[in-house]
Amino acid sequence: MLRVAPIKNTLLDGATITEQLYTTPKDCEDFFESLEKPTEVKATPRSTFIRAGVLTTVLGSAYMEYGNTKVLAIVAPPRELMRSSARRMNMGVLNCYVNFAAFASGELETVPEREKHLGGMLTKALEPLVCRNEFLNFQLDVRVLILDDDGCLLSTAINCCGVALVECGISTYDIITASTACIYKNLVFVNPSAKVEELLGQHRGADSAQMEEHGLLMNASMDTFEQLAQCQQCGYMKPETFVKLLDYTLEINKSLRQLIRRVLTDRVKEQHVLDKKEQEAERQEDERLAGIIARLKEQGLHEFIQSNIKEDPYTKK
Amino acid sequence: MAYVALSEAEKTFILHGVEEDFRCDGRSRRDYRPMELETGLVSNASGSARLRLANTDILVGVKTEIDVPNPLTPEFGKLEFFVDCSANATPEFEGRGGSDLAQELILSLQKAYESSLAFDYRTLCLIPGQQCWKLYIDILILECGGNLHDAVSLAAKAALYNTKLPRVTATLLDAGVTDLIISDNPYDCTRVGIDAVPLLVTVCKIGDYCLVDPSAEEEVCSTVSMVVAVSMRNNTGRCGGYKMLRPFITKFLSTAYLSGTHMTGGGSMHRETMLNCIQLGLSIGEQLNSLLVKMLKAEEQRVGPKRPKTVGFLK
Amino acid sequence: METDTTDQSKDDILICLPGERLCRVEDNVVLGEGTYEQGGYIYASKSGIVSIVESEEKYQMVSVNKPGFHLTIPATGDVVTARVLVTTPKFAKCAIFCVRNVLLESSYRGLLRKEDVRETEKDRVDIYKSFKPGDIILARVINQMEQSFMLSTAESELGVVIAYASDARKNRIPMVPIGWGEMQCPQTTIKEPRKVAKVLPESTIKSEP
Amino acid sequence: MAGRMELLSEQGLRLDGRRPHELRHIKCKLGVFEQPDGSAYMEQGNTKVLAAVYGPHQAKSKKAEGNDLVINCQYSQATFSTAERKNRPRGDRKSLEFKMYLQQALSAAIKSELYPRSQIDVYVEVLQADGANYAVSLNAATLALIDAGICLNEFVVACTASLSKSNIPLTDISHIEEVSGGPKLTIAALPTAEKIAFMEMSERFHIDHLETVIETAMAGCREIRDILERAVKEHLIHMGSAADWARVG
């Protein structure tokens, strides 16, 4: 009776995805029981690792691990706008593409739809962040590759893209931080894992009639002017719980912001040191050249020097 | 949305209008434009509705199909949205032009209808685990006059109200296989429960004021807008004792829930402005919902001679 | 300024991140690169080192420059180096591959119209007498259209910098300018009309005997 | 033609009770929308079609060859228009085919010498398909062109015709008659000038019946033209009444 969609996945022929998400509703119930219920809500981010400039081939790249959700973001320098659509106001266009790695998620038939959904939401979150009036008539492509999916996919992707944009030198109004919180059977989970998120998805929120509220809230904020870039809620909740979850996520965002600021500052120092070394090497090179010229000059080969070393007109020293 | 080119002077004119709470078409910040709603236009579809909000024209058709339920939710039916931007609205929608706008509308509708508290999927189930109804909600956008989210959600709710699912009886054949007999008597049908179905209310921020039902011009000069999905749920459990006062009571006891809000428009918002956007959206959503349900019931009562032949586009 | 100043002692560079407030807007403060102004204050929009440059009439330019590499987009008014791809009677299509002295990673499309080739007698310009496909030119960006940049070589120090003789030989050597309208190939002494850029110092131009 | 249902009962009535030469009931309205330059809605029996016209405006650069008029059509059918749900409104073979037929028929009607190097967009949306979709779309497109004020040589009108088993010609074929295997001839004609702009036929019948079937289709076209003309006059009077033309009568 079950329609099993045999999706041929070449990369996965050998390896099988170990943990199978639930197959029957019964699984959800006993998974939920097995879950250790958080007594009080600690609004702290998971253990995160962020590294800017991980790839040599691309100018702006960042890798982020949020718990065991692993995401890689790449920002290409702006290029001309391909299709000239009349809708373009006075701002540049931002396109975000999210792709799952072949081994990232178990059920493969929902992947293309989830990719489109995440891509759309990511574009909406990053639009207020980027100073789009500076690259008029240009389009900026941001690509995100999801290596491992353990919940909070969208918020991790937003954080990672924020770091990649700053790393690439695109001017942004502020540093963006995002986090997720959810509520299921009147229990608040912060940074839900993939299994908890699975509980909320596919209309299954209200198995038992007395279930009042369930839902998930993702919030991306920019704290210099306490602006909310994107606040996206799905599920079914009262306005009061909406505000409660919002405040939890804002708290998490604050601590995430410190972490990202430290990463970026270290990155700038590192590049500054690299720059210094480079300038140092360049200076030595010039001195060596000047030394050769001086030596040749004493030997009176003035015309020879003059004829083939033209004063380099283009680099204004 | 169809792109309306506005000069700076026009934008400031609209901005000042919004500040004085007197928009260029005379409405205040909380008013909606006049709407016309008609159900039962398309005879090929199980349910249909046409909504004309000023110059936004939406036609929704609901068609049904028998499908296998999702193994994770054996006793729930299925719902699928499809939005088509017809080129009638603007030449820009020709061919695949309107696909990103359509994608955005489908996403916000799917999120709003996702929770089973918002839409009662149990009514669509035939045989738990084996057979269930699958409703295709096809939305056709004929003219874009701004505020598409609200118009689309209102028309979808009206079409769902108008949907007539034929009664299905299951006979147990040998070897456990159940065979479904669908009755073809047009009047022997069940309806889909729509009281908790959410409505999308777009609260648009122009300058530092929030307004509802933005027209195409106001949408162009707004930096950011919040789409609030309002679902009314009358928790019948509590008012058990006042059976005879029920209609009066449920009006108060039905509380408004949020079933899928998100921000769109490419701007950002302060925390306080977002919260009073949500408050405004909730209050407007409640009024809109009660008005819609009253109107649908009224149209249903006009049966027999009083029922005008469907006027449709001929008005 | 709430930037962290802990490790500033080393070589007193001031690191800032996007969104950090730099200073208040006074009349003599000019917004530099990598900053934006909001509510009377100047904020950083890039991560990097803050530099305050005193220009002549006591104007301070606050700018943030990012160490490491520099992502540049040709802005209106920049002098760019471009290669001529296609010439038609009305315009020359070129690919911009370097802005000021920063080499770009991906080339941008440039368009040099006939009227913008030189200041004098604008309309009687023949593109094929000024540029040939394959030449390297210096030009100034005057406008940014939808799909490409509008270039102009109207000033005297703009125009062809490196040109190859148009007779297709393998090892082509660059031609030497002999005046502002012509270039000569040292091997085959063929003279070809070009709009030469006045960049080379006077002494290197051998005057016609 | 095995299993071809009997289109005509003994008493000479068709499946939906019409006489052989009778048309389905036609209702139409001009000026349905505000944003397009011209729009029209037409109902012929249960087939309901919306048409919108934009233009004449500058032709997109890639299509303007020479200085003649480009008619850009799009035929799309709502997913809920047929009994069986279509999963794509346009882009399938039939829509592209109808798009070409529309272009061919309309180019015969529009005076293209008045609009050199320009483009007219004609978009047709079928809300409900109950047979003769192409014919009703063309009639709706004609009304939309008139509403947009585009000069036409004459009303271009389309009508379908078929042949029952007992060789009696039938006009205006509905979906059931179409599906039950009867031959179907679609004619787009300029009735007063007795010219045929476009003709298409499915299934087959004997050659010497061709003459009578074409004649019935042309009679159908003339009848539809009169109905459309009455509707346009009514619309003009209604529009004109605002600026008191109505007294002209």
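A, B, C and D label the chains in the order they appear, each numbered from 1.
We adopt the following convention: contacts are C-beta pairs under 8 Å (C-beta built on N, C-alpha and C of every residue); 3 or more make two chains touch, one makes a residue touch a chain.
None of the values given here were measured: they were computed from a predicted structure.
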{"item": "Label of the chain whose CA centroid is most distant from the centroid of subunit C", "value": "D"}
{"item": "Comparison of A-B and B-D (more C-beta pairs in contact)", "value": "A-B"}
{"item": "Centre-of-Cα separation between subunit B and subunit A, whole angstrom", "value": "33"}
{"item": "Separation of mean Cα positions, subunit D and subunit A [Å, integer]", "value": "54"}
{"item": "Centre-to-centre distance between subunit C and subunit B (centres being mean Cα positions), rounded to whole Å", "value": "54"}
{"item": "Interface hub residues of subunit A, defined as touching at least two other chains", "value": "222, 225"}
{"item": "Graph class of chain-chain contacts, one of line, ring, star, complete, other", "value": "line"}
{"item": "All chain pairs that touch each other", "value": "A-B, A-C, B-D"}
{"item": "In the complex, subunit C residues that touch subunit A", "value": "4, 7, 13, 15, 17-21, 34, 36, 38, 43, 45-49, 66-71, 73, 81, 101, 105-106, 108-109, 138, 144-148, 161, 199-201, 204"}
{"item": "Contact footprint of subunit B on subunit D as seen in their complex", "value": "27, 29, 32-36, 39, 41, 43, 46, 48, 50-52, 54, 72, 74, 76, 78-83, 85, 89-90, 121, 123, 125, 127-129"}
{"item": "In the complex, subunit A residues that touch subunit B", "value": "1-3, 22-25, 28, 85-87, 89, 91, 116-117, 120-121, 124, 127-128, 132, 201-206, 211, 213-215, 222, 225-239, 242-243, 246, 250"}
{"item": "Contact set on subunit B toward subunit D in their complex", "value": "2, 41-45, 48, 55, 57, 59, 61-63, 65, 82, 84, 86-91, 94-95, 136, 138, 140, 142-145, 312-315"}
{"item": "Of all residues in subunit B, those that touch subunit A in their complex", "value": "3, 68, 70-74, 76, 92, 103-104, 107, 111, 114-119, 121, 129-130, 220, 224, 231, 255-264, 266-271, 274-275, 278-279, 282"}
